[in-house]
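Structure, as structure tokens:
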Amino acid sequence: MKKLTIITSALLIGTALGGPALAQTELSMWYHGAGNEVEGKLIGQIVSDFNASQSDWTVVVESFPQESYNDSVTAAALAGNLPDILDMDGPNMPNWAWAGYVQPLPIDEAKVASFLPGTKGIWDGQLYSIGLWDAAVALYARKSTLDELGLRVPTLDAPWTGEEFMAALDAAKASGKYEYAFDLGMNDMGEWYPYAFSPFLQSFGGDIVDRSTYKTAEGALNGDAALAFGAWWQKLFAEGYAPGTSESPADQTNGFIDGSFAFQWNGNWRAVATMAEVDDVMFLPAPDFGNGNKIGGGSWQFGVSATSDNPEGAAAFIEFAIQDTYLAAFSDAIGLVPSTPSAAQLTENYKEGGPLAVFFGLSNEQALLRPVTPGYVVQAKVFTKALADIANGADVADTLDAAVDEIDADIQKNDGYGH
Amino acid sequence: MATKLTRSNGAGWAFALPGVFLIAMFIIVPFLFGFWFSLTNQRLVSPNPTQFVGIENYQNLLGLAVITIEPERDDKGQVVRDDKGEIAYPRVRTITRSDAYPQYSGMREWFRWQWGDNANVVIASDVVFMKALANTFIFVLFIVPLQGGGALLLALLINQKLRGINAFRTIYFMPVVISIVVISLLWRFIYDGSDGLLNNILNVLSFGLFQPVDWLGRTDTALGAIIVMSAWQAVGFHMVIWLSGLQTIPPTLYEVAAIEGASGWQTFRYVTWPGLRNTAILVLIVITMQAFALFSQIDVMTKGGPLDATQTLVFQAVERGYGKQDISGGSAISVILFFMVLAISLTQRFLTRERKYG
Amino acid sequence: MAEISSRNRGLRLFARYLVLALVAVVFMFPLVFMVVSSFKPDGQLLADTSSFRAFLPVGDISLDNYRAAFERAPIGQFMFNSVMITMVTVTLSIGICSLAGFSFVFLDWSGRGVILSIVLATLIIPFETIAVPLLLVVSRLPWVGLDGVEWGWLNTYRVQIVPWIVDALTIFLFVQYFKDLPRELIEAARVEGASWLQVYARIVMPLSGPVLATAAILKSLKMYNEQYLWPLIVVQDEAHRPIMVGLGYFFQLNVAWGELMAYLTLISVPVLAFYLFMQRAFIASIASTGVKG
């Protein structure tokens, strides 16, 4: 044991000598983008600009791999070890606010008035988090595919109806040119499911949970609209329109690009890479199944931890970070939707006439947040399993009933999650 | 056994103490915490105060009932049959979601069998848990002989004096060197349903007759695929244990067997195998324990799907405790797992002990 | 006659090697895939998975993935952390567990049976199921270092080492092995007045080459390859992260498959080298006990 003490102590001393003594107050910040070089550089740039811009605070960033970021934060909260500033995935914010991990953001709401609705994290009437970008999902297609199959180009004002969409899939299937007419990325059984697929359910008229009370999912997730959605969903896989949950990651990445899929439901973070490979790629709005065409909104956002000793410093950094120039820089680098119209005009892809401008419209008009409730974390898991099971052939009504039971039981166990 | 020569309380405690203390501190104490959680409504993330709930978490997991459903009858009292001639039954949800049967509320069908015209349906409070339980047992039943036996064969194969045998020994051990998470990632490519490596190899070997199988996407092959991969990965690990056991067999015994003209099988049966008894117990127990803890493969490859065909207890414990923030429910699963495996290993020990004298 | 029998022997030898080689192919193919893929760009790598090209270094072969992987993650730091944590843990583990095993097998003390049963029962507890309570324990533990007493073990090497030193499997490994050692040797030494420590160090340890090697290999694999969930929740700073947490750096929204394969290949090298080294020790100890195959 003594040897061990010496080793660890020696290392401790080594790290202690590494940092210079600072007069400013240090603010720790956690970010989910470890391993993402582009994001790392941008965040680093913002931080060093901020540190140079004033003399009260020094922000120090620690980056985490995204796939395990939430676990790291939860563990740190349990151990009482949260940083001052942390970023969080939009739909998780209510859970963390409710649990007392984060505090309301002391920023004047007027400063974020022009922000896209999906970039503002509001819980219990207060702003808790704000995002530098939003993400969006679109129907990827080739212009040449639409021409060959004789399909009209859907627009935001006149999207495909559900029937038109299925007719398009039928045409693609009948052409015999594609391995699958449609790809949904079903192997990604994480947050992708509720983010990408629950808008379909909403377009049918259902929802994950009854948003008028947030006390039950009864009727929303197993009513007639949800059953119709479930039947449609099952048909996509049972009749071979789309690959199921066992799809290999290779196909999911390459299938649209190499022409195995006619259409793909995919995020705009893939748009830049796809444009480089497919000349005539088009990003089409979601089809309308009767209750409007919808996509999910809400991406990563910054907030201040409840245990921070310096919330005003944390807020000062966040205010600094949401300048248009940074929003535009992020968008240019990783292809995401900038949070404000003025920032959009500064970007390559989202300015008027830019190749991805359609996504800005998508985010502004179609985007619907995932249920804004602390129970969302559990509801997302239940929803994901239900959709995977239905895709694999489970009885639609039984599966949705079971999902409702589980969600309701969870809400009850948590005393209504503060609603 | 207790002779004066070995009797030594002081030295005995002193030698065992460091190990026992660390195990108590870092395994037993946390486990007791977990046991306590399982009797409360403790959440991973919550501002609500924790309450003692007794055995509620266990009831929610273990609740089982059998209901008998009579077939649907038309106006004349005739049994209604569907297009295929199968008897039509009212849906189970008409009972489990009816206010008339509050005792079955929230339960779901696990499986059913037919008895005369009626159907007997086993409904469970937590069908996913029940399936996880069943799958875990199936996994253990297959993996123990496959991995233990395979490893022994490998150990005997590799325990010969041949030029270059070390190279083979290293190769067989290689999959163990790679983390199971990584192995699972690689095998997702191998098991791919349309143009995966396995389907391609089988296709070539059968001269094109073999039709591609979606190994991880079918309820009847997914668990099997994971069993094969797991056996493949860890067989080298147990080969090493068998090898170290083989070294403890005195060479004189082999010499005697050779002089008496024993065949290869006889040598194995009467010299090698009896000499491996303690090793066999070790291998058997280690494989069983590891098999009950099946998690990483599921997490990377199937997430318990398709249709719960690969749900396992530890995967469910993690999914609930962390994913669904229900640390009390997750803890209850691990406590059940603990006592179940404890019962099994006590039985195992009892049986292996008996054979010694029998 | 002699000619035939030597021909037979040749055939038999050939058959033996054939079996060995076929089995070797079964165990190698995913790893060949891993290594070969690490030299290919993502697009080609994924396209190749559908044919035997997956095993061949053909097409656009380069070291680009390795270069990019080093830029993406501080691989050297991660590998240093993992190797350091593994070495310290394994060394302490072998010492403490073999002492405990020795005590359980050769010494007779009150409570021995009960304690051994409890220790072995902990084999059953999967780590995943105690991670959260263990986190609560270590976040409140004291540590006496050169700077005095500090509370909480988060963000250190020790939190990745100390809880892992002792495990039931390693103790069990020693117990089962010691049971096969001749007891008479020990009793004889005691008659001659050797202390227990001398018996342990001079008689039992020298006879324990195979089990020491086995325990070291198995423990080091566990420490090097399976430390994911634990460091994830107890280590927040990059400087203390081990290699398995580093894996997450390659799972972006678009997985960098080629770089991932390069990373996997790189991190496999030290374990393989360690195994080869231990195998030599292993074989040396086999030779010393004089066992023939």
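Labels for the chains are A, B and C, by order of writing; each one numbers its residues from 1.
The working rule: a residue touches a chain if its C-beta (ideal position, glycine included) is under 8 Å from a C-beta of that chain, and two chains touch if they have at least 3 such contacts.
Just so we're clear, the structure is a prediction, and the values are computed from it rather than from any experiment.
When every chain is reduced to the mean of its C-alpha atoms, the one closest to the centre of the whole protein set is B.
Compared on C-beta pairs in contact, A-B and B-C come out with B-C as the pair having more.
Centre-to-centre separation of chain A and chain B, using mean CA positions: 35 Å. Per-chain Cα centroids separate chain B from chain C by 22 Å.
Each of residues 71, 78, 248-250 in chain A touches at least two other chains.
Each of residues 44, 189, 192, 196, 322 in chain B touches at least two other chains.
In chain C, the residues that reach two or more other chains under the touch definition are 49, 132, 136, 162, 247.
Chain B makes touch with chain A in their complex at residues 41, 43-48, 91-93, 97, 106, 108-109, 127, 188-189, 192-194, 196, 214-217, 219, 302-308, 319, 322-326.
Listed in rising order, the residues of chain C touching chain A in the complex are 42-43, 46-47, 49, 71-73, 84, 88, 92, 132, 135-136, 139, 144-147, 152, 154, 156-158, 161-162, 232-234, 236-239, 245, 247-255, 257.
Looking at the complex, you find that chain C touches chain B at residues 13, 16-17, 19-21, 23-24, 26-31, 33-34, 49-52, 54, 96-97, 99-100, 102-104, 106-110, 112, 115, 118-126, 128-130, 132-134, 136-137, 162-169, 171-173, 176-177, 179-181, 186-187, 190-191, 196, 200, 210-211, 213-214, 217-218, 221, 225-226, 228, 244, 247, 260, 264, 268, 271-272, 275-276, 279, 282-283, 285-286, 289-293.
Contact residues of chain B toward chain C in the complex are 1-3, 5-9, 11-13, 15-16, 18-20, 22-23, 25-31, 33-34, 37, 44, 154, 157, 159-162, 165-166, 168-183, 185-187, 189-190, 192, 195-197, 200, 232, 236-237, 240-241, 243-251, 254, 278-279, 281-282, 285-286, 289, 292-293, 295, 314, 317-318, 321-322, 327, 330-331, 333-334, 337-338, 341-342, 345. Only residues 1, 4-5, 7-9, 11-13, 15, 30, 34-37, 62-68, 71-72, 75-76, 78-81, 248-250, 253-254, 257-258, 267, 269-270, 273 of chain A touch chain C when the two sit together in their complex.
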